[in-house]
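Take a look at the following structure, please.
Going in written order, the chains are labelled A, B and C, and every chain counts its residues from 1.
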Amino acid sequence: MRNLEVAARPGQPILDLHDVHVALGGRSVLQGIDVRLAPGELVGVIGPNGAGKTTLLKIILGLLRPDEGSVRIAQRDVREARGLVGYVPQSFAPDPDLPLRARDLVALGLDGSRWGFSLGGARRRAKIDEALAWVDAARFADQPVGRLSGGELQRLLVAQALISDPRIVLLDEPLANLDLRSQDEVVALVGRVAHERDVTVLLVTHDMNPILGVMDRILYLAGGKAALGSVDEVVRGDVLTDLYGHHVDVVRVHGRILVVGGADAESLTCTTCDA
Amino acid sequence: MFAFIARLLAAPTVGTALAIGSLVAVTSGVVGAFVVLRGQSFAGHALGDIGTTGAAAAYLGGVPVLYGFIGVGLLGGLAIEGLGERARDRDVATGIILSLMLGIGALLLYVMTQGTNATGGPVAILFGSIFTVDPSVTVPVALFSLLALLLLAFLYRPLVYASVSPQAAKAAGVPVGAVGLLFMLAVAIAVEESALVAGALLSTALLIGPAAAAVRWSRHVGQAAALAALLGLLAVWLGIALAYQSYFWPPGHRGWPVSFFIVMLVLIEYLVARIGRRAPGRAAARREAA
Amino acid sequence: MQILGTLFPAGLFTASFMQNAWIAGTAVALLSALVGFFVVLRGAAFAAHAVPRASFAGAAGAVLAGGDTLLGLAIFSAFSAVGIASLATRRDAGQTTALVLMAALGLGSLFLALGGAYAPEVYALLFGQIVGISRPDVYAIIGLLVLALVATAFLYRPLLFSSVAPDVAEAKGVPRRRMDVLFLLLVALAATAAVPVVGALLSFSLMVGPAAAAAYFGRSPRQALGIAALIGVLSIWFSLVFAYDTGLPVGFFVAAVTAVFYGLGRLWAWLWEVERSTARAA
């Protein structure tokens, strides 16, 4: 495990994965992962399909226990720290007629997991308005979510994750299915989340290029192993060849980075693995 | 044992029952494999219920029930398929159409019970009438079955493509909409024939059960279809034999319903398949890890 | 005036069995709308269709065994609900629902055949009867409504969250499988109450029709719930009037009326869509 932490900030890590091993369906998905992240960092989680990105997210969310190793969030156990982790899922495609307004969707992040029903109140409403305003969604706050665009929905999901004041936010492929302009907006928003609110952001994506400008460090997953560091340190032929287990080249063209030769001999479409 | 079979085959109604039952089992099994592949179990079930209306209308009109089942079933298939793309919306809309048609059917069934003051007609429609069906429908059933199977043979490749990756199929020029529609007509035929044998309420069992079991033991749809047909045949033959035998059982020596036996046998097949073999994906993953 | 006389003949409100029918019918409509809201939200139309059907088998069995039909309904609907919730995975939910339903109905056909003499009573449960509702039945149904209201009050937030965004809800600690089971048990509750009144064949329409229509009219969950309840109650009231006037089964009218409301909802949505595209084009 290459852990080039030269760029990390000193102090207590907000997320601490130590020697994490996970095997699913008899197949080893993550081997010996060590990750330490500081508050307010924006880390891109990159890797080919089947490399274990989603598995890693599940570990951090406490939905999956590692076979070996430990996971600590803000020095606490994963279960205890549940309220500190926000999650923006990969897809949210509502029916056009879903009777749910934008503010209702965001409100779910505030108290959706508690029993009973909410009695409303000015303070609650103010909190929701504030969350909506922060992601620049105030103007469609009362629109049914079924009528909103992909970019607008993505912003709402971020607001939903942020409204409970998490310390870490995980985003699973937030840029997929978005047009370029929406992608730029979401990337800018995510950058603000990390740098203005001092929230650690883990952004899983299969293409690192849209987030190159806003990423602090990169966590590259391949072949069950990981490398964590700055883009220049990690995205290099030798480092990636070591991860993938076969020869890989890194090509830079017009400021974009392409990883070539990663026709993943190892990645399997394991449809039942993340059960 | 052989004496029993000889006696069974000699009984007048059993011959027809076996013939029709076999045709239905094969058709339902083959079509069912695709229904399971496409995840259209609700639509298949809905068609059975919708057929009730046609059957009741046919009965009241003095026409063999088969034509009512199939006629309205085909119309229902068209309606369901014409409902559009969105899965959730389509489910609700399917349900509403189903309710509306069944509501009319319920009305007709009610009228039937009032008319003759007997519950024989409705029972046959809802729960199956394979022993009381008019032998003259054997040939029409055979023809409809042939039609459905030919349709499926014709649709085979585009159907598989459209079912597995509709977007890619559309891009490749497959007329996904038309394929879906024609397939739904084949389903309607299979389901309504099945309703003749096991009743409108239980028709889904022959459509889904053997197919759901077969899918767990097959690598691709063609295999599953063949296996489903075999499992269906097994259930129907054994079901008929048991039903015949049940005339000598308590209580009252009236015999237990054939549909009951067929459904239970189909379920046993499914449970055995489910326990015996996990979903195909896991087996593949296990193999690759070794 | 004449029309009112034929539409609302004597006895519609005063006959004792009709009073039972009005109270029980309204309670069932409210209960069905409440549960139906979540059914439509979760896309669980097939399960909502299967559970009442399966419960019918329980009633047939109860009649055979000489027990209380309501109890038979409750037991079989609960069992089928739990069966569907525990056995279904995301991929094959449709198959599992179909097969659980077939299992129950298979037994039902057996019970019916063995029952013989009591068949008419069981048939009433297929179609729904306004005549057959007794005072104790009314109390039982109101009890079920109260139970459902309390349960929903408790479950509202996590169930809504889990229905709308199951992944995020799970990450926040709302257990998906458990919510599935609890939801289907609510459906079982609604089925137990609805089947004696509307019939096993068609109680689904009272659950899904009003809620589906309300989704087209309402913008927020509370609006949708309220509108669903309103439409549900109106539907049953219309149906009771027509059933009393014609002597035909209530179930048929419920199916027809709810379908009309659903159609209106779809029409409304379509008109809005047209207006929005013309506004955009302008």
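To be clear about the criterion, contacts are C-beta pairs under 8 Å (C-beta built on N, C-alpha and C of every residue); 3 or more make two chains touch, one makes a residue touch a chain.
Quick caveat: nothing in here was measured; it's all calculated off a predicted structure.
J.: Measuring between mean CA coordinates, which chain is farthest from chain A?
T.: Here the answer is chain B, farthest from chain A.
J.: I'd like the most central chain, judged by C-alpha centroids against the all-protein C-alpha centroid.
T.: Central chain is C.
J.: Just the number, please: Cα centre separation of chain A and chain C in whole Å.
T.: About 41 Å separates the centre of chain A from that of chain C.
J.: For chain B versus chain C, what separation do you get between their C-alpha means, in angstrom?
T.: 26
J.: Roughly how far is chain A from chain B, centre to centre by C-alpha average, rounded to an integer in Å?
T.: Roughly 46 Å, centre to centre.
J.: Which chain B residues reach two or more other chains?
T.: 88, 279
J.: Mark out which residues of chain A touch at least two other chains, giving numbers and ranges.
T.: Where chain A meets two or more other chains at a single residue, that happens at 95-97.
J.: Flag every residue of chain A that touches chain C in the complex, lowest number first.
T.: Residues in contact with chain C: 61, 63, 82, 85, 87-90, 92, 94-101, 104-105, 108-109, 111-118, 142, 144, 157, 160-161.
J.: Taking the complex as given, what residues does chain B use to touch chain C?
T.: Against chain C, the touching part of chain B is residues 36, 39-42, 44-45, 49, 87-88, 91-92, 94-96, 98-100, 102-104, 106-107, 109-110, 113, 119, 122-123, 126-128, 199, 201-202, 204-205, 208-209, 212, 251-252, 254-257, 259-260, 263-264, 266-267, 270, 279.
J.: Inside the complex, what are the residues of chain C that reach chain A?
T.: Listed in rising order, the residues are 41, 153-158, 160-161, 164-165, 167-174, 214-216, 218-221, 223-224, 269.
J.: Applying the document's contact rule, which stretches of chain C touch chain B when the two form their complex?
T.: That would be residues 40, 43, 45-46, 48-49, 53, 91-92, 94-95, 97-99, 101-103, 105-107, 109-110, 112-114, 116, 119-120, 123, 126-127, 199, 201-202, 204-205, 208-209, 212, 248-249, 251-256, 258-259, 262 of chain C.
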